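Sharing a structure below in structure tokens format, with a few things to ask.
Labels for the chains are A, B, C, D and E, by order of writing; each one numbers its residues from 1.
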Amino acid sequence: MRLYDKVFPPKQMVLSSGKTVEERFTRIPLILTGLLFMMILSIHITGFRISTLMNRGNEFFVILNQMIPPRTAYVSQIIQPLLDTIKMSLLGSFLGSILAIPFSIIAAGNIVKNKWILMTVRLFLSLIRTLPTLITALIATYIFGLGTMAGMAAISIFTFAYVGKQLYEQIETVDMGAFEAMEAMGANRFYSFLTAVVPFVLPAYCSTCLFCLEGNVRYASILGYVGAGGLGLILNEKIGWREYDSVGMILLVLFMAVFLIEGISYYIRKKLT
Amino acid sequence: MIEFSHVSKEYSNGVKGLDDVTLHIGQGEFVAIIGLSGAGKSTLLRSINRMHEITAGTLQVNGTDVASLNGKKLRSFRRGIGMIFQSFHLVGRTTVIKNVLMSKVPAMPFWRVVPGIFTKEEKIDALEALDKVGILEKAYMRADQLSGGQQQRVALARTLAQHPEIILADEPVAALDPVTARQVMGDFAKINKELNITILLNIHHVELALAYAERIIGIRSGKIVFDGKASSVDKAVLAGIYGEEMPEGVEELYEAV
Amino acid sequence: MIEFSHVSKEYSNGVKGLDDVTLHIGQGEFVAIIGLSGAGKSTLLRSINRMHEITAGTLQVNGTDVASLNGKKLRSFRRGIGMIFQSFHLVGRTTVIKNVLMSKVPAMPFWRVVPGIFTKEEKIDALEALDKVGILEKAYMRADQLSGGQQQRVALARTLAQHPEIILADEPVAALDPVTARQVMGDFAKINKELNITILLNIHHVELALAYAERIIGIRSGKIVFDGKASSVDKAVLAGIYGEEMPEGVEELYEAV
Amino acid sequence: GCKSDKEDKSIEKLSVYFVPSREPEEIITATEPLKDLLKQQLEDQGFEIGQVEISVGTSYEAVGEALSAGTADIGLIPGGTYVLYDDGAEVILTATRSGLNKDSEVPKDWNDGTATEASDQQAVSYRSLIIAGPSEKGQELAAKVNAGEELTWEDLNSASWSIMSSSSPAGYIYPALWLQEKYGHSITDLTLAVQSDSYGSAMARLASGQVDIMLTYADARRDYTEKWGSEYGRTASIWEETNVIGVTPAIYNDTVCVSKSSENMNDDLKEAIQNAFIQIAGTDAGKEVISIYSHEGYQPAKESDYDQERAAQKLIQTLNAQ
Amino acid sequence: MSEAIKQQLEQEKSSWFYKVGVTFLLAILLGWSSSTFQINRVSDNGLDIAKNIISGIFHPDRRLLFNFTKTGISYLVLETICIAFLGTIVGAVLAVPLSFFSAVNIVPKPIALAVRWVIMAIRTIPAFIYGLMFIRVTGPGAFAGVLTMSVCSIGMLSKMFIETIEDLDVRIIESLDASGCNTFQKIRYGIIPQLSPDFISTVIYRFDMNLRDATILGLVGAGGIGAPLIFAMSSYRWNEVGAILTGLIICILIIEFFSTKIRVRLARG
């Protein structure tokens, strides 16, 4: 940025009182050039073409049209996989969220002062988040066998990393005043954390976990690909047979389930705050 | 009884927060500390319960050398000293009484801390503290639904429920409007009289300091430049404390003196 | 010159915000409006630039009948009147100078509004306004990084950059601590004197009103119950304005009067 | 629709979409070499091709949809997928591979403990095998088969199975037919069947004893001979530890299909593509390239070649719908 | 104990009933879903394989990793970045109007609710089905990936956008009104400056997430590093998986580093 300021020197402005003010040359051209470059590069590499979208956009709805009306008769075969999906999401989200707590505490800069611990834990969380869930699910299937157990393991790992990051960011935004007050009253750090930080982060934490649960129910449909059980399995099968009306039914059921979960979680979050 | 003898405090960046302070404060006194921003008021206060470490001299509270304390001993020493902050430092999301009950936590066994179980005695004690500061009826409201003045009173009740012998207050009324500030200062005065608790407070409002405290300590660049009765403060004294950099508005107060 | 003649304002719920107000305020006056909460202070102020409509009487500003204005005319009329709010109303996430430059927007051509291009003259003008309120050096900081008093000063600078003939300020110091409040009141007084701008402000702090404004208007239930020089305000006047419901702490102020 | 404008011989972009039905060897580098060869061959036949684009996917339905929408011109897909999408795809070639030295319908014949070898004959079809693994149950079933006894439904149903997704010919459809014909049971009747995502992972599960039986194409064991000892950590060879307990009817090899709805497509081009692929398979360089896709040669194909496949799918679909 | 205190003490709302209720409910739900917890199929051999996988990942195929041609990891990662970049931008462009139409402080509640349903429906369709749909539009390849990423981003982006919009400080608009601004000027100077830092921050965060989700595109052949990764994975070439993951992880960590920096600056100035 120093160099930038040298190339584009700041503008001098003289006030009537004789004072001068320097205005740095705006960064916007730099940012715009960068964005434009990325845009052009990306459009070139990905072959993005608006004209294709205009001409062939209607093709997008072909499969969608085949899903409507959904095959209602199929619903009886959806319930069991749906329950499996919900079960594995529920348990996976729960385990992951619980596991995330200790890690996010030691990843929060206002609780732990040691820079190295912070860096290591954060890097660890970041690495886990980077590991594609498909890969973790696949590895899990080797260890736990095919089926919902593997899905559950993959979900809990994903949840762990996601909730862990969110939680430590939330802990860092807590106003440490009450914590300080607790310390001044003679409480140890752990007691202070429990009484002064937990009430602040608890609602946000629960809300993150519930959001994650809801996302996981949806995501579980992808895990079916590696044989992690649940709705994903029958979804794959029905797509394979081109039975889009059944696919539509599965999605409708999934939509309703997620809707229900979202409703419940909305209610709980309301209650918490 | 608080005894500073030749206490100095140098921050890691070389700034002298306190510079050779010698001071004696008896039990039951009501002392206001005034001085410019950065003069060292907070540093002085926070040395007393060792929220800051001093770097030279000795500081005794009721005969205990503060510097000698550590770990468990330090924590139980701190339980005897209440501290009140400018921005109240309450847990806004929970009820008023839970905030007051926080003062009980340091002495509680672990199994009661985690689920947050309090005994009936503790609750009654907390309610009595709220009663003392006159906001008993707000006990089950959420703390963040109270006005600033009421929140500062909750903080005061929390400190009272600690049954301290000393209360340290770091600009307890800075965030309050003048009317409420007066009420809170009145609360301090009342508690000081009724319970014989030593009160030390930092304050920017000279007029409030003069109106409520018995003793005024003026501090400048870490040094004590005035120490005497509130009634003995005059123009010259204030000029000595605030120097040329007197905050605007203070001039007008001279007339009030 | 602001002329109220038999102005009334009835809210849709039947509450009378203003009740037969007749008032003359000359150019360059510094007027403080005091009164209980709900007395109609804000309503009075906001009628002047037609943020509220009046329901009876006539209101003239510099000879223009305010009620007759509409659309474009109303907007260009408003450009001549600065308005300052209790909670500053700044865009916290942009720089101070951008906030001040916002006052230039109403007069700018469309093509400059969209990308937000300002001329050098406009920038210098904005900087000068910042200089007048003494925070020139903060020009390129983000507004939310400033203290409350500094933010109110940015709001003041924004209004000054508008080059208004009248400034309306609705409790401009209520959110500020007493020291900063005095500074901001001092700023108002200075600007009033130096630039001969009419200043009308609502204020709850009687002592500040008396210390800085020349003329005091007391309002109660929408009616003007006092209008006179600040020096002529006494116990009886205050009792007339605030009645029995006098805010706590005011009693003590009587001595100061 | 198909344009048969004979003048129009320049094509801006020819899109080839390929999904391997077996394990691809070098998938990352798979697309480059074929591009040039195809372009060259088509140019030799008078077509001017701006660009050949080859995409590799992991799902058959994606190619199917691309062909039926006309966004892919050529698709290299299994026969089963072609049949499912024959409203939009037209088969022009069948890939050939070298046949195997064993091709018996009797499971026991495959279990002489020696490796199955490639024969010098090219074949347009392959079989699917039901293979029992080294687990206790697997060995028990194998012993029965090798002793010449017939397995009962109870025998099969007590073992755990690795099956593939239900549109996979070798991993689902043909074994399902086999079960239906021999035992009168549908594959969904199996109590201990789990679905694997790939043959590689199914083989790993078989090796680890997670499953007793897997369904796979006939030369799968050749592909995993080495891994059996290394990655999967078995000491004995795959030929000793695994036994065939069932052999399905022949399955037609991968097809080369063209899209019926692509704007580029016309009869001339179809013919040119047909020739081009056959030519490519005829040269040594070309052979090497298509071996990446585990193809060795191509033969012209017609719709009716896949009638048996159609029947099989019908059967499975009616079974599944129950 | 004075009468008043006694009275207050009796007023205490007992929350333990609620607490025990929630705990009980959670326990029941977890008990019910614990049937997924079946380690009976865990075999030593499976663990061995898992070990192989992990060691493969830690011994990446260097040949692939340091191949800088169009078939090497570096190009694939670049392609993935481009897909995620463009996908995020298109997604944001789509999400902005949707979020304005579902913010209760902008439009009437029924409309807001209806649009929220639409957003939920958009979110329910899994990525690989979008992949199939877009392959019909664009053909296989990175373009389809861009479009898939963009619709998959809509859900999360609009959720965050809505939160920002509903937090809008309308008082600023009042002060612009008082200084004589017209509607357009109020939007340009009162609303956009308030929203843009949060919007940009959300978009950057989503870009980061899209990069991580790039594997899913491989399921349908929508370009990028996904398909090679899945092939390597399903055909058991773990050192290839290792090479691809190494490339991906390095790139994601670098981008995360910068994106966090930018986001912190946007938030705190």
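Simple rule for what comes next: contacts are C-beta pairs under 8 Å (C-beta built on N, C-alpha and C of every residue); 3 or more make two chains touch, one makes a residue touch a chain.
Given the structure is predicted, the values throughout are model-derived calculations rather than measurements.
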{"item": "Joint neighbours of chain D and chain B, given as chain labels", "value": "A, E"}
{"item": "Steps in the shortest chain-to-chain touch route ending at chain D and beginning at chain C", "value": "2"}
{"item": "Angular offset of chain B relative to chain C [C-alpha, multiple of 5 degrees]", "value": "170"}
{"item": "C-E compared against A-E, more contacting pairs", "value": "A-E"}
{"item": "Most widely separated chain from chain C, with each centre as the mean of CA atoms", "value": "D"}
{"item": "Between chain E and chain D, distance of the C-alpha-averaged centres to the nearest whole Å", "value": "36"}
{"item": "Chain B-chain E separation of Cα centroids, rounded to whole Å", "value": "47"}
{"item": "For chain B, residues contacting two or more additional chains", "value": "none"}
{"item": "Numbers and ranges of chain D residues touching at least 2 other chains", "value": "61, 65, 69, 71, 197, 201, 204-205, 208, 210"}
{"item": "Chain A, residues touching no fewer than two other chains", "value": "56, 59, 62-63, 138, 142, 145-147, 225, 239"}
{"item": "Partner chain D, residues of chain E touching it in the complex", "value": "41, 43, 45-46, 48-49, 52, 64, 70-72, 76, 128, 131-132, 135-141, 218-221, 223, 227-228, 230-232, 234-236, 238, 240"}
{"item": "Touching residues (chain side chain D, partner chain A) in the complex", "value": "60-61, 64-65, 69, 71, 84-85, 162, 165-167, 194-197, 201, 204-205, 208, 210, 317, 320"}
{"item": "Chain E contact footprint on chain A (complex, rising order)", "value": "38-39, 41-43, 45-49, 52-53, 56-57, 59-64, 84, 86-88, 90-91, 94, 123, 126-127, 129-135, 138-139, 142-149, 151-152, 218, 221-222, 225, 232, 235, 239, 247, 251, 254-255, 258-259, 262"}
{"item": "Interface residues, chain A side, partner chain C - complex", "value": "11, 13-17, 19, 21, 23-24"}
{"item": "Residue ranges of chain A in contact with chain B within the complex", "value": "175, 177-178, 180-188, 191, 194-196, 199-200, 203, 273"}
